[in-house]
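One chain, subunit A, links the two complexes that follow: it is found with subunit B in the first and with subunit C in the second.
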Partner chain A sequence: MISIVNAYIGRVYKEFRDEILVLPSKTIVLLFCLILFLIPLMTSELYILRILILASIFAIFAASWDLLSGFTGQMNFGHALFFGVAGYTSALLNLYVGLPPWLTIPIGAVAAVLAGLVVGVPCLRLRGPYLALATLAFPLILTGIIYIFPDITGGELGVSGIDPLSGSRLIDYYIAISLMIGLGFIMWKITGSKTGIIFHAIREDEVAVRASGINTTKYKLLAFCLSGLFAGIAGGLYVHFMRIAGPTSTLALMVSFQAIIWAIFGGIATIYGPIAGVFILVPVTELLRVMPEIRMLLFAVIVLLVLLFMPEGITTWVRDKIEKECPRCKVRNIATRKICRICSADLD
Partner chain B sequence: MIEMIIITGLIASGVYALLAIGFSLIFGAARIINLTHTAFYMLAAYLIYTFTSSFGLNPILSIIVSIIAVTIIGVLVYMLVIERVRAHETTVLIVTMALAIIIQEVVLLAFGGHFRGVSSLISGYATILGIKVTYQYLLTFGMVFIILFGTWALLMKTKLGIAIRATAQDREVANLMGINVARIGMITMAIAVALAAIAGALVAPLFTLTPYMWMHPLVMVLAVVVLGGLGSIKGSFVGAIILGFTETLVVFLVPTGAFLKGSVALAIMLVIILIRPEGLFGVSFEEER
Partner chain C sequence: MKKVIIGAIIPLAVCVVLLVTSCGGAAPGKVVKIGVVGPMTFIQGEHHWYGAQLAAEEINAAGGVMVGNEAYQIKLVKVDSNEIISVTDAANAIERTITVDKVDFIVGGFRTEAVTPMQEIAMDYGRIFLCCGSSTKELCDKVGDDYDRYKYWFRVTPINSTYLGKVDFMLLGMVAEELKAECGIEVPKVAILAEKLEWAEDIVAAAQVLLPVMYGMEVVGTWRPSDTATEVTAELTAIEAAGAHIIFTTFSGPVGIPYARQWGEMQIPAASVGINVEAQKEGFWDATGGYGEYETTMNTYAPGVKITDQTIDFGERFVEDVGEFPTYCAGTYEALYVLKDAIEAAGTLDSDAVIVELEKTDYTGTAGRIVFDENHDVVWGPGYVTGLGVQWQDGEMECVWPPADGSWEGVVYEGAVTYELPPWVIEAWAP
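Up next is the complex of A and B:
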């Protein structure tokens, strides 16, 4: 009996060693997750937890942008629409119907999926910059609608007095980081699946994908809906954490651009890139609060300089430094290896 | 009421047309979506304010100096920053956005967030068909038409214009025909920024200046350009008139119009590009893969 358990543990350990420890990037991700789970043991500072909760929520949001725009190449400039639709749906359901957060957040996410369909269907005919600029219009139009019904939506001030996520900051923290890690992992798995490969192919050459007998319309809509789903969860979490849903915090132009900045800063078409981008830039933005006058200026300068020297984003740049791809079998190897770990081809 | 709508609508359309044509030119010649474009417009207006109020320079001289200064800044930004990341389409977006924020913050640091105003170049008014129109408005209309006509003539009648249009149509073939594509990109950037600066100079006496005055025009310019068709000068002009008047009509006729002006204009843009995905006068990019 014990030997079976031992053998099983051995196999799990071997799997773990061969799949995760062998690549520095995966080891870094594992360490990052462990540290996130252990942080409350080291500090009980509510302010730090608050920043990390917000970073987790925004990480889901930025990664969902990457799923649609980075992988499928459907440039979305109005990603705040999903965030805002889900946020307002959750907030209004909670306030007027009295549903608890664990119900309103999924319903909000479903609303964001529907928003994804609404945006996706007309945008299927558009491509490139036209698509980008058409999607930009949706959240701004919704903002206008919110302003004309101030009785229900609170107008400019937004909806306040929403139930908190849970009673305590610590539980909020674990909810946020588990969801971030879980959803990030799901998105990463989606991009590696057959569907993800089709998404990728659509970005590279849509005509060729269609010529291969794949219904690209269906897959593009799917990308809009999936992205809407994840962004919607982030939106619902955000309003329940902040306890307010306002047009400037959920629908403004800056919210959409913020997602794009995080994602491109971290490195697009990776999923972990946008997450890293958020976890670097959100604390940096907070640190810059000590100099309120030049905070935005420094933020913009940092983003600009990093992108000038690493135009593909920070994670892609780091990954290419610490790992190299086998020229024969395209498996990634640690940069110190001379021959590929799978096919033993020369790496240099 | 009607005369106010016509005058305000014409001013809005003229400004959007100047901005949109520059935006469209640089997209055509270099395939860059330049989100800094309207920040240059804001910067020009503020420079004119500095030169006239702080240095006490002659207004016309300060306008010329500001336009030249902003154009030089634009070309420097293009050479030092945008050119380097041009190959990565998405990175260009964020880099130009960051540049716009940098310009906004620098202006905010230098001038504070207060509303500023520049005095009119000329005072007095003319009476046309029984309507009082200030000379400043007439001057603005005149300038918009002269500049638009000049740009059209430059693009259609000169060798440089042919080179710009050839680069916009097909970079590789233009390159093969002996056109220096990189230099055309830079010249186009200079023209585009100069147009934005001129638009800024024209509105400086009419609008109040704030460091955030670039955001709304940016959204509108994007809408105008998409509506008219990217890379089409005629399209930008027609699009600017449609959206400029839509915005004005909403502000004047709908009770809470100021909140809704952007929404209605954007909704019209959406409807039009859903019917014609390449915009009113745009060329289809089907062959670009």
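Up next is the complex of A and C:
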């Protein structure tokens, strides 16, 4: 029995050493996750935990945009729709039916999946700027619907009186970061799977994918639904953490655009890029509060400067500095290596 | 490589500098720290800040706040909630000011969707929050529903949405009387024109039901344009075709400007009265190119109108410092005095003790006598805060309600003038 356990531990360690420690980018991700788990031991500042909780929620949201728009190339300018549909569904179920957050959040996410279908079906024939403009319209339509039924939705005032996520900031924090890491990992694995490769291929050349006998319609709809699912979880978490679901907080154009800014800043078609983008830009936005008059200007300057010098996003830039790809087998190696760790090809 | 280093170093350096500056040391000496929360890049936040600043300067110059036997200086913390654009930003801002700036009290708040989470956070920390911007009644109803949690919440200005509705109907009644006197119209026809927002729903519903039954008026129709509409000629044409004598407005959004301009330009033969937040601002006359003349709306202040002994002086000093006439968000001025009196009476900064004294408040400020009801909401009525009805006459914002003849509960404010019907309305309907 002991020998089996030892063998298992040995195998896990070997995997850990050969798959994670061997690459600086994966090591950084691991350290980042570890630090996130340890932060409550280093500070009891509730405000810092609040910012990190919101960053975690927005990281899921931004990564879900990347899954759809970054990988599949289905440019979605109305990603707030998923966030808002799930947010309002969770809030209304909690307020009027009395369901607890652990039920309302998944149900809200399912509602966002349905919203993904509703958006996906009419938008399937559209591409590029036409698709972007069509998706932009959906949150505006939902906002209009919210204003038509103010007795239920609260109109412009929103729905308040919602149950908090857990009632404890520390528990909220661990829920948020665990979900962010878990869902981020799932999204990353999806993009590395066969489905993810097809998403990639659709973005690069949809006609070629269809010519290969793949039903691209099915995969594009799948991308909309998956993206809606993850964005929906983020939306449900958000309204229970903020204790309000309103049109400005969940459906405004700014909410959609923020996801795009975070994703492009971090590096699109990576999943971890948007997460990094959120975890850099959200704290920076808070730090800039010391200069309220020029806060948004400084924010824009920082984003522009980074994108000027790192046009593919900050994570891609960093990864390319610390790692290099083998020209023969395409496996990544630490930048200091002279020969590939897999095929021994010359890396220089 | 050099470019790369610059690209990485500059943002990093900016962050480090900001981090260092944001962790500044505590203020020296005995101070009462008050967070002034508002959208500081908008007029509402600016007036929150200037109103509070004016009061803080006066109080500090007069020796500060006496807490027991010690004089404390007021230190204001400017908190940009950015609430008109981002609710998340507003909630973060208030938690930051409580936990990082360590403010003792909070004043301000404007937009209900953002004020709601801000209220929750302030209550979580047991921090006294004097609201000076949102009229939503439900914010104060929570105090009655769950006193232990929401007892830290008070509203200083404006009067709540129910009272706003009452004043609104009184203004309408005043215009109806004038139509009867000038044009002999016994049963005025009223067109309800309200933006399609939740806060207007109750007013619209009440108007539809009460105007025929209680006020003997005929409702000819209800029109609900968007709060951001830039064109309302279709609605105005329909209102004219419906034969309305009065347009009963409910506008908080920018639609108030194109509405008033087009109403004046087209000379729609119906007097306009109700709530038009844009018409409460000094820039209304220029924004409508003068076509907003005779537009009538509720307001808190009006130039040259003496609600109390403090009003004129406050208005003049505000204009001198800020360059524009105060809006109701400048009620942070009163909030600071109310707070000062409560702290001095309590002899401590402890929230529970200060709440006891705040509940006893009976303070005559710039907009009237401030007394809080059981829900910590400012009381409205004769002898308390009443609000004003103002009309644009010849480029000036004039107070026309409470009526200058004292016909409303004997309340008369010095500087009030008589309401005037637009001449084209008289021309259209006079026998």
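Points to keep in mind about this one:
We take it that the second predicted complex is superposed on the first by the 344 of 348 C-alpha atoms of A that agree within 3 Å, B and C clash if a C-alpha of one lies under 4 Å from a C-alpha of the other, contacts with A are read in each partner's own complex, and residues count from 1 in each chain.
By our rule, a contact is a pair of C-beta atoms (placed from the backbone, for glycine too) under 8 Å apart; a residue touches a chain by one contact, two chains touch by 3 or more.
None of these values were measured; they are calculated from a predicted model.
Applying the stated contact rule after C-alpha superposition, one finds that A:158 touches subunit C and leaves subunit B untouched.
Legend: residue contacts after superposition of the two complexes on their common chain; A:147 is shown touching both subunit B and subunit C. Of the two partner chains, neither subunit B nor subunit C is touched by A:211. Of the two partner chains, both subunit B and subunit C are touched by A:293.
In the superposed pair of complexes, A:41 makes contact with neither subunit B nor subunit C. In the superposed model, A:308 lies in contact with both subunit B and subunit C.
Contacts of A:122 after superposition on the shared chain: subunit B is touched, whereas subunit C is not.
Of the two partner chains placed by superposition, A:5 touches none, neither subunit B nor subunit C. On subunit A, the patch touched by subunit B and the patch touched by subunit C overlap at residues 147, 293, 308. Those residues of subunit A lying in contact with subunit C across their complex are 45-47, 50-51, 54, 147, 150-151, 154-158, 160, 242-244, 246-249, 254, 284-293, 295, 298, 302, 305-306, 308-310.
Every residue of subunit C that touches subunit A in the complex is listed here, in rising order: 3-4, 6-8, 10-11, 14-15, 18-19, 21-22, 40-41, 78, 80, 85-89, 91-93, 95-96, 98-100, 111-114, 116-117, 120, 136, 196-199, 201, 227. Only residues 27, 33, 81, 84-85, 87-88, 90-91, 93-95, 97-99, 101-102, 104-106, 109, 215, 219, 222-223, 225-226, 230, 256, 259-260, 262-264, 266-267, 269-270, 273-274, 277-279, 285, 288-289 of subunit B touch subunit A when the two sit together in their complex.
The touching residues of subunit A, counted against subunit B in their complex, run 69, 75, 122, 125-130, 132-134, 136-137, 140-141, 143-145, 147-148, 205-207, 253, 257, 260-261, 264-265, 268, 293-294, 296-297, 299-301, 303-304, 307-308, 311-312.
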